[in-house]
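Here chain A shows up in two complexes: once beside chain B, once beside chain C.
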Partner chain A sequence: MRPTGLWFETHAAEARVLETRRARLSALALLAVLAAMPLIAGPWLLGELTNLFITLIAVLGLCVTVGMAGQINIAQSAFVGVGAFATARLSGMGVPFWAVLPVAALITGAVSVLFALPAVRVRGFYLALTTLAAQVMFPIIVMALPMAWLGGLVGLPVTPPALFGIGLSTPGRLYWLCLAVTVLAVWCGFNLPRSRLGRAMRAVHDNDTAAEVMGIPVARVKIAAFFTGALFAGVAGALMAYFLQFVTAQNFTLFASVWYLGMLIVGGMHSPLGAILGVCFVTALQEGLHKAANLMLQSDSALGGGAFFALSSILLALCVLAALILEPRGLAHLWHQVMTAFRLWPFPRN
Partner chain B sequence: MTERAEAVLEARELRLGFGAVEALRGVSLRVAPGAIHALIGPNGAGKSSLLNCLSGFYRPRSGRVLFGGRDISALGPAARARAGIGRTFQGIHTYPGLTARENILTGFHARMRAGILAGLFRWPAAVREEEAFTARAEEIIAFLELEEHRHALVGEMPYGLRKRVDLGRALALEPRILIMDEPMAGMSPEEKGDLARYILDIRDRFGIPVVLVEHDMDVVMDISDRITVLEFGAVIADDIPAAIRTDPRVIAAYLGGATEGATP
Partner chain C sequence: MTGLIQILIEGVLVGLVYGLVAISFVVIYRASRIINLAQGEVLLFGAYVLWSVTEGARAAGVGLPLPVALGLTALACIAFGVMLERGIFRPLIGQSGFTIFMAGVALLILLRGVTQLLWGAQSRTAPVILPEGALTLGPFLANTRLLIGALFTLALTAALHVFFTRSRLGLRLAAVAEDHVTALSLGVSVRQAIAVAWVLGTLVATAAAVVLLSGSILSLEVAGIGFKALPVALLGGLESIRGAPLAGVIIGVLEALATTYLDPITNGAASGVLPYVAMIAVLLIRPYGLFGWRRIERL
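Up next, the complex of A and B:
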């Protein structure tokens, strides 16, 4: 629900995501804190945040394909891999990073269209299987191709990014680069659902039979959903390649794809806000538990080291389950409920 | 409106079968410009089959469908929608996850241009287009008196309102004819009255002819300009309401004593 006393004079003003002054100022403050991080945070936190940004971009892409258009995709990690390998090759050829990002995105988009074609005919479980095939084929193809192409079993080194002769590979500068791209990706993620194509995707999600009769070309919209989601994956892959400085097929596993989906589901599939909340929540849990297990490991204990990590994984799974049981529509829904309650206070929400 | 008027939509000798069952046995229909044309008949008479042949969902075994003089028999439902045949559905087929206004805006899909990049980056041309079509959607919202519900999710709306949104979405296609499959089913008398008024307004204000299948005889007799009666997949009568009321075959087949109970 909207806050009271909010009036709009144009349709464009009404379509704003950050409606109130307070919301805009809060976003700006958050951005300022994030931008100041390299000055205050240590290398560990900086690395974690950079990784979180990259994950967020990939999950935003998944939010387009799965959340908005309803086309199940469990190959997002493979698509990130396509972007990463494209980046390794392009950067190796001396292409500057500002050109690498869009080109890697387009290459990933083009590859995704191949796997989107089944979506025109199949749905649900069957579509899940075809995207699963993409995920499984990815490392096999990378390793089967000649060494000179994608590095085979060894992998490919990545030439560090630079802008106007200034290297961007220090943790702080790479962080800023990832932050800037993430802000752009989040902005795009919020723009899409209120655009012509985004509405068509959501319509296809809700009722593709009706959409067809109402003049929406369903097959093209489904392919566009895969393509757009893969654009995000390609950008995420490019940043990941710069972050890791070396890419191998083992970086892009089914495990990661499933986690991307898990983050989206925990956060709430239907809005980019869900992608943001889900990624932050799950990453914080993962890393927090990991760190806790590490600390326990260092302290003397009767339990073996492996037990802590096993326990932390179980705890992580339990937390994700709890989030899903308590709020099946995702953290984004919870967020909206809290905002509504806040705006209605002291009157009860119903 | 005379018998001779050029038909907007015409079906010629449609035959349709499902296995051994013949749903349509050579049905012909002429919808005159600006007319509200009702299809009635007992259950299983072939009304919905006929509608689905007109909107392209079913491909008849034989016969032709002409729209504005052009043979559209070979076109699928999406192509017919783009050609100007709008339709509303039996039951609920709106998009529950979209707001009322977004549902209506989806109807403009084919007329809008913004692509993937315009959607992602929302550059000025895309914003201008969005504004222009939002203004057109608002005209439909004003016409259907949906102002207070424009931002409500359609999935959370009561049935009658959803049907109104469905109608709004069909109007956004800017159709040259509107096909409605049992628009009144499941509505309260108040909602029926509202919808009947909108249908009359659509004819009078936009000059769009309406083909509707409807079971509520009071409504049909009140608002139709012409009525076609189907029974067992064949047309048994095709006339103005007053004549249909007194047609002995129709009374025998379908109406029974219902005409006496009809409101004047």
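Up next, the complex of A and C:
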């Protein structure tokens, strides 16, 4: 719902994602704070934020496939892995950095299309099972391929990125790179639902039989949804490869995929805002738990690292179940409710 | 030739264990229309409970006789199934398939976390319940543990088939598998169906854990069997109890052949990838499996 007193004189003004001047100013302020981070933050915070941006790109891709088109994808981590391995190979062959990112994304997209092809025949969770197959097969295949191809059991080193002769491998520069790509990804994420493909995906999401009757090529839209989601995953994988500087198949497990999905569900899967809130919330939760576990480890060594992992899994699972049972629209909906209440204050909402 | 037949025998026996795990998938789907990705974790949970009442109790100085231990495990499985129904799936009745699927995914990480927290990540020796050894049939050998498991699988298949197609309760469960809302409007208790489904599914999964692990290593990696059995359940048809062991035999034999003949060429990947390639092939060619129900799409 729009606040009272907001009107538009041109179509372009009405079509903006950020409608009010205040929204635009706060977005700019947030961006300025984030851009200034390398100047004020320490290496730990910078690393965490870079990781958060990379996760956010992957989850935005998931938001396209799962939230907008309604197709379950439990292979996002494998797709991120494809992007990362493609990056490691391409950068190893001396391909310039500006070309690596899009090519890695396209390779990932092509791989995802391979697993989305059953969409022509099946739907619903049957389609989810093909993505499960992709996720389970990914590490097996990577490790069985000859060492010279994808590094086998050991993994592949990644050549540090450089643009116009400037190295991008210092934490600060890598952070700026990730921030820039994330801003682009968020922009795409907010604008995709307003495009022709976005509206078609929405129709398929709501009822694919009805969408077919209305003349939407359902199978093609589903495959396009997987392809688009995998493009995001490929970019996230490329950045992750540069961030970790070394890729192995063990980084891209089913568990990571489930975590991506969990973040999306907790945040709310129907808008990119949900992806952002979910990633921030779950990462903050995990880091908080990590800190608490570290404190406990220092005071009393009864808890091991395994217990920390177990606790964070339990916590995420409980968050996801709570979101599914209590608030299927996720944190994004709560955010909207709070904003509306704030705007209408002192009058009650509804 | 002898070697080939030996491979086939092993494939069939291992395949029937896959079939047993697949039955636990099918039982849950057949009674509640929930495809439970966490089945491997459920199996692992049952195995750890069994370990606690046998080896764990012995280590604590309270040695329980085997039948009592098995009875306690069965009681724990029933409590576990009822708890899952009450805590997770009852509030989700009538929700979309997507939501229920995601609840299964959440259950997967929840159970993995709980198991790791309660029992730790170290591997341990599973209790010996079925006799170890090999039965000699002429020139061929058959593992006794797997052989007993195979006979158990076949008997269980027959019993469950009769239950689902002949008994009143079983037919009611079939209505729930067709559609939650329709079943509710016909006066079938979906809550009861889901509780029965989970109790049965947990019991069958624990039985599979006994056959699979008796006397071998119990660790968190065992949960991977769940994803191996999923292609089996899909090939057999998610609604068909009798399809599961047959599909298990098919996958088991194919996997045994791949292990022998393809693995040396492919660096060990063929047998690992095969069940999933088979799954994608099934989805492309015959999505409802060999004996599953063919659903008609309506607007």
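Just so it is clear, the second predicted complex is superposed on the first by the 322 of 350 C-alpha atoms of A that agree within 3 Å, B and C clash if a C-alpha of one lies under 4 Å from a C-alpha of the other, contacts with A are read in each partner's own complex, and residues count from 1 in each chain.
Keep in mind that, in the parts below, contacts are C-beta pairs under 8 Å (C-beta built on N, C-alpha and C of every residue); 3 or more make two chains touch, one makes a residue touch a chain.
It should be emphasised that the depicted structure is a prediction, and the values quoted were computed from it without experimental measurement.
When both complexes are overlaid on chain A, the residue A:G198 reaches chain B alone and has no touch with chain C. Of the two partner chains, chain B is the only one touched by A:C188; chain C is not. In the superposed model, A:I216 lies in contact with chain B only, and not with chain C. Of the two partner chains placed by superposition, only chain B is touched by A:D206; chain C is not. Look at A:I140: by the touch rule set out above, it reaches chain C but stays clear of chain B.
Set against each other, chain B and chain C differ in how many residues of chain A they touch, and the higher count belongs to C.
Applying the stated contact rule after C-alpha superposition, one finds that A:H333 touches neither chain B nor chain C. Once the two complexes are overlaid on chain A, the chain A residues touched by chain B in the first and by chain C in the second are 207, 209-210, 213. Chain A meets chain B in the complex at residues 10-12, 15, 188, 191-192, 194-200, 202-203, 205-207, 209-217, 224, 227-228, 231, 270. Listing the residues of chain B that touch chain A in their complex gives 55, 57, 77-78, 81-82, 87, 89, 93-98, 102-103, 105-110, 112-116, 118-122, 126-127, 129-131, 134-135, 169-170, 173. Those residues of chain A that touch chain C in the complex are listed here as 70, 72, 74, 115, 117-118, 121-122, 124-130, 132-133, 136-137, 140-141, 143-146, 207, 209-210, 213, 255, 258-259, 261-262, 265, 304, 306-307, 309-314, 316-318, 320-321, 324-325, 328. Taken together, the chain C residues at the contact with chain A in this complex read 35, 37, 88, 91-92, 95, 97-99, 101-103, 105-110, 112-114, 116-117, 120-121, 227, 230-231, 234, 266-269, 272-273, 276-277, 279-280, 283-284, 287, 297-299.
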